[in-house]
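Next come two complexes built around chain A: one with chain B, the other with chain C.
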Partner chain A sequence: MSKAVGAIFLKELNDLLRRRSFMLLCAAMAAVVALALLITSLDYHKQLSDYQQYAQALAQSGAAAPAAPPQLSPLQQLRGGIEYIEIIGPVLAIVAGYGSAAKEKYRGTLRLFFSRPIGALDLAAGKLAALGVLWLIIVLVLFLVMTATMHFIGGAAFSAAAIAKLTLSLAGAWAYLAFWSGLALGLTCFVRQPGSALLICFIIWLTVVLLLPQIGDTMDPDNQVPGGLFQSMHVDKSNEHAIMAHFSGYETTRNALEETSISKHFERASFAFLGVKQIYNQQPVGFIWSETWKDSASLLAALLASTAFAMTQCNKRNLIGRRMK
Partner chain B sequence: MNRVYNVTMSTESIIRTRGLCMRYGGNYALKNVNLEIAAGEIFGLLGHNGAGKTTTVSIITTLLKPSLGNAEVCGLDTLRDSREVRRQIGYLPENVELYESLTLRENLLYFARLSGVAEPDRRIEDVLQFLDFTTCMDKKLSTFSKGMRQRAGIAQAILHRPRILFLDEPASGLDPQGVIALRQNIQSLNREMGMTIFMNTHSLSEVTKTCTNIGILRQGELLYQDSLSQTIAAFPEHASLEDIYLRIDADGR
Partner chain C sequence: MKSPVLTIARQELLIARTNRLALLISGIFLGMVSVSGFISWDSHHTVNSVFAEALRHGVTSGPNPFASQQPLDLVSNTVIYIVLIGALSAILLGVQSAISDRKAGVIDLLFSRPLSVTQYVNGKFLGMQYLLVLILLTAGLLSWGSVLFIRGEMISLGNTAALAVFYLLAWLFLMPFNILGFVFGAVSRHETSALLGPILLWVALVFVIPQLGTDAHPVSLLNPVPAQAASTGAFFAFNHRILQPLSLTDRFKNASSKLLGLNNSSQGIAAYDWLSLAMAAAGMMAALLLVKRSRIRGPIRE
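Take a look at the complex of A and B:
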């Protein structure tokens, strides 16, 4: 890292952490995640004590103690928290990425900046590094909030494998949030009026985070989806597979629609690692990875694309060479 | 027909532009500007609003790419060697926009690091002492007056000891005390540090008191360039630089 990139990185990170309104929004997200976890933790705690009483009663009666039922996995309880990160997280990431470029575009500080002997990519590299570290800090805080709430309130014990799965899931959350910040930073530099960039970002957010996954869910006849066709008709999974074999074109289209959403890739990978999707619950990391690596790869590809977009757009020509109307 | 009265062709030019043109859409902001500025000059570029002064400075300081022509600073091409050119220059825009939430010291430290200044803390102390501005070191920029911002801007522009200092409308919005302090600073930088100064200005009285050489731009064309003393001698019938400026401007119409 050059001295200039280091200086930009430190200043940007300082600016982001000093922005009270932004930090309040982050605190609100952390509070919502914590609240969701608190409720599920209490529920988990109750299920756990019920199960322990049941196991104790069995032991006292001389019967063999049952193995822990799969639905008592503490990781599954983190679903609510991940959903908040999936939906609210991009809003915060957009605000952070947008603010990073818009503040300088509006204040006119960049004329002085670009009169210094810095490299063409230094500004983008410094800003992206600061945004990356910001999301790393926030994801680490969320990791601590999640594990502490489940441990101290839910009474859950996390195995090393569970910690590894949670870490992988949160690494996905980091990539997902960094993707949105990179996109917002690139768009704010690319579009002449920063306000228009914010509007475009929110239209993309609405489409990618809410609309596309919702269309995919609505079209999904799976018997596990609430409101799904097969569930409402009480068709079991094996019959569902037999019926759907005749509608492979429909399923391919539906799946393709979902796969255009980066949020869906994040959700699929996270839910797999957390065992929210039953077929992955209590499965080893290697198995889950082999089944879902395409979702993680899509997430990584999206992050690289948004980073490359920000790197190419965060330049002198876009930031001071074009006149703002 | 427009005509350039006299263009000084010095062999020691520290700034040189050839056929500089800048087009925004269908409008020319600069038309074939050929400037030559020698090392050690305090050069004042005069012109109405929209004459192309800021565009000229923006091109020479590598902030803009010209549509046609080229500019050289210290013998370096502003397009090919833009990074090296920026090491040789300091720049103060018309509105000095430093970071409001940072103190003067923090702002200067940031710019010193961007410029690759060795021992930045010591250099900041030296520069602020030179500008007699040490008392404000730990105050936030948001508390600064226009004059103080201008001085902070100069401090940031000279931190890396540039050979040329560009000032865009430096006296704009300053009170009389601020103007006097600015003039003293410019003259000290020129005399004591040997800096060549290039300033855009509307203020003819400031040019008379500060500059050694002048140029006049009108609607993107360089009408005139010469030393101030030669200019005054060449127009003996006019009592002031203001009259000379109006005459050259009228001839250029």
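Take a look at the complex of A and C:
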């Protein structure tokens, strides 16, 4: 790292961490994630208590013991929290990336800045590195919030394998959030009017995070009937697969539509590591990776693309060569 | 002599015509409304085929879950597009309306004329509602046209009326978000907080509040079907009862389901849901009156 990049990085990180309103928003996201986990924990404990009452009643009447109690898989309980990162996280990442470039445009400090002997990519590299470290800090805080909530309120214990899976899942969250910040940084430099860049970012967020996955979900036949189509027809999993094999063209189109959304790749990879999707529950990391590496690779490719976009756009020509309207 | 309120409203419409981003998001909304009928038709067609395949395999003997499908079921996805794109468009329209005059520095010039804040705000409100109604009217015609095209038969008068009332309900639902955007745009010191504030409140209304009373996962709340109260636990039952009126998106989804006869429900008016939405609109209109002259004239920064 050159001296100039180091100086920009430190200044940027300091600015980001000192931005009270932004930190407040991050705290709000952590609170919402904790709330989601609290709700899941309460629901689980209620189910467990219902089961115990039922088992006790059966024992008193002398009937046979019921099936095994509902199992608490701490990782599966994190689903709500991950979904909040998937939906709200990009909004915060956009604000961070946008703010990083917009403040320079509005403060008029760029002419002075570019009068110094700095490399063409130094500004972008310093800002991207600071945004990367910021998201690393926030993801670490979320890791602590998630494990602490599940441990102290959910009463769950995490094994070393579970910690490793959660770490991998949150590494995906880091790449996902850094992707959005890079995109917002690049767009804010590229678009002449910073306010328009913010709006464009929100429109992209709406399309990629909310609309595309929603269309994919809507097209899923199982989501067409409350409670699930196959459940309403009393069709088990093996028969479900046999039936859906006749609709492979439809499923491929639906899947292709979902795969255009980076959020879906993040969701699929995270849910696989957390075992939210039953076929990955309690499976070793190697198995999950071999099945879902394409989602992680897509996430990484998107991060690299947004980083490259920011690197090419965050330059002297865009920032001071073109006047704001 | 022209009324200043009408002059401001007319100016609002002129500005909106040149606002490319507002036009873009409105275009996305109308585009999604147009295709939503085809998405519904395609998925319903697949469900019927899946059911037929299940019968052929001999693995089900129950009735077809879509046997009693209503014609307006094809509009079901529009409900969620109104909650997602419609509400965000309404917010952006409101924010842009308030900050455009502040950013351009026109606001000081405007208030140098004999114009009160109430007249200015009323004019803006009128202009924004005119735009919203215009967008929803277009969306209504597109929905009606797509149902007609897909089913290949005339839509009954009753269903046409239900569709018209549904778009009236959509206006009632979007109005508070539109005003919320305007209020944030009018009082915020920074452009970022003007946009971010109402969007985060929208996130709270769509995801957080319904989850507190239903235990539904956030992504599942993107479904047009309203979230149901969790079947177990006093915590959820209490929250569901307390937060129901505030859960505007659920109120809108519920009232829409009833109006359009979605999910095999009989068509009708859900009075409680309408009342909740009307109260939210009235509350936001009251908030509009609290916008102070000093704040609205203040500079806006990044």
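Keep this in mind: the second predicted complex is superposed on the first by the 282 of 325 C-alpha atoms of A that agree within 3 Å, B and C clash if a C-alpha of one lies under 4 Å from a C-alpha of the other, contacts with A are read in each partner's own complex, and residues count from 1 in each chain.
Rule of thumb we're sticking to: contacts are C-beta pairs under 8 Å (C-beta built on N, C-alpha and C of every residue); 3 or more make two chains touch, one makes a residue touch a chain.
Bear in mind that the values here come from a model prediction, so they are computed numbers and not experimental data.
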Greater residue coverage of chain A in the superposed arrangement, chain B or chain C: C
Touching partner for A:T40 - first (chain B), second (chain C), both, neither: second
Touched partner set for A:I87, first chain B, second chain C, both or neither: second
Which of chain B and chain C A:G99 touches, first, second, both or neither: second
Partner chain in contact with A:L229 - chain B first, chain C second, else both or neither: second
Which superposed partner A:E258 touches (first chain B, second chain C, both, neither): neither
First (chain B), second (chain C), both or neither touched by A:T218: second
Contacts of A:D295 with chain B and chain C, given as first, second, both or neither: neither
Residues of chain A at both interfaces, chain B in one complex, chain C in the other: none
Parts of chain A lying in touch with chain B, wherever the complex brings them together: 3-4, 6-8, 11, 15, 18, 107-109, 111-119, 316-317, 320-321, 323
Sites on chain A touched by chain C in the complex: 21, 25, 28, 32, 35-36, 39-40, 42-43, 46-47, 50, 79-80, 83-84, 86-88, 91, 95, 98-99, 102-103, 105-106, 194-196, 198-200, 202-203, 206-207, 210-211, 213-215, 217-221, 223-226, 229, 232-236, 239, 242-244, 246-247, 250, 267
Chain C residues within the chain A interface of the complex: 21, 24-25, 28, 32, 39-40, 42-44, 46-47, 49-51, 53-54, 57, 59-60, 62, 65-66, 77, 80, 84-85, 88, 92, 99, 103, 191-193, 195-196, 199-200, 203, 207-208, 211-212, 215, 217-219, 222-223, 225, 230, 232-233, 235-236, 263, 301-302
In the complex with chain A, residue positions of chain B that touch it: 24, 61-65, 83-84, 86-87, 89-91, 93, 95-101, 110-111, 113-116, 153, 156
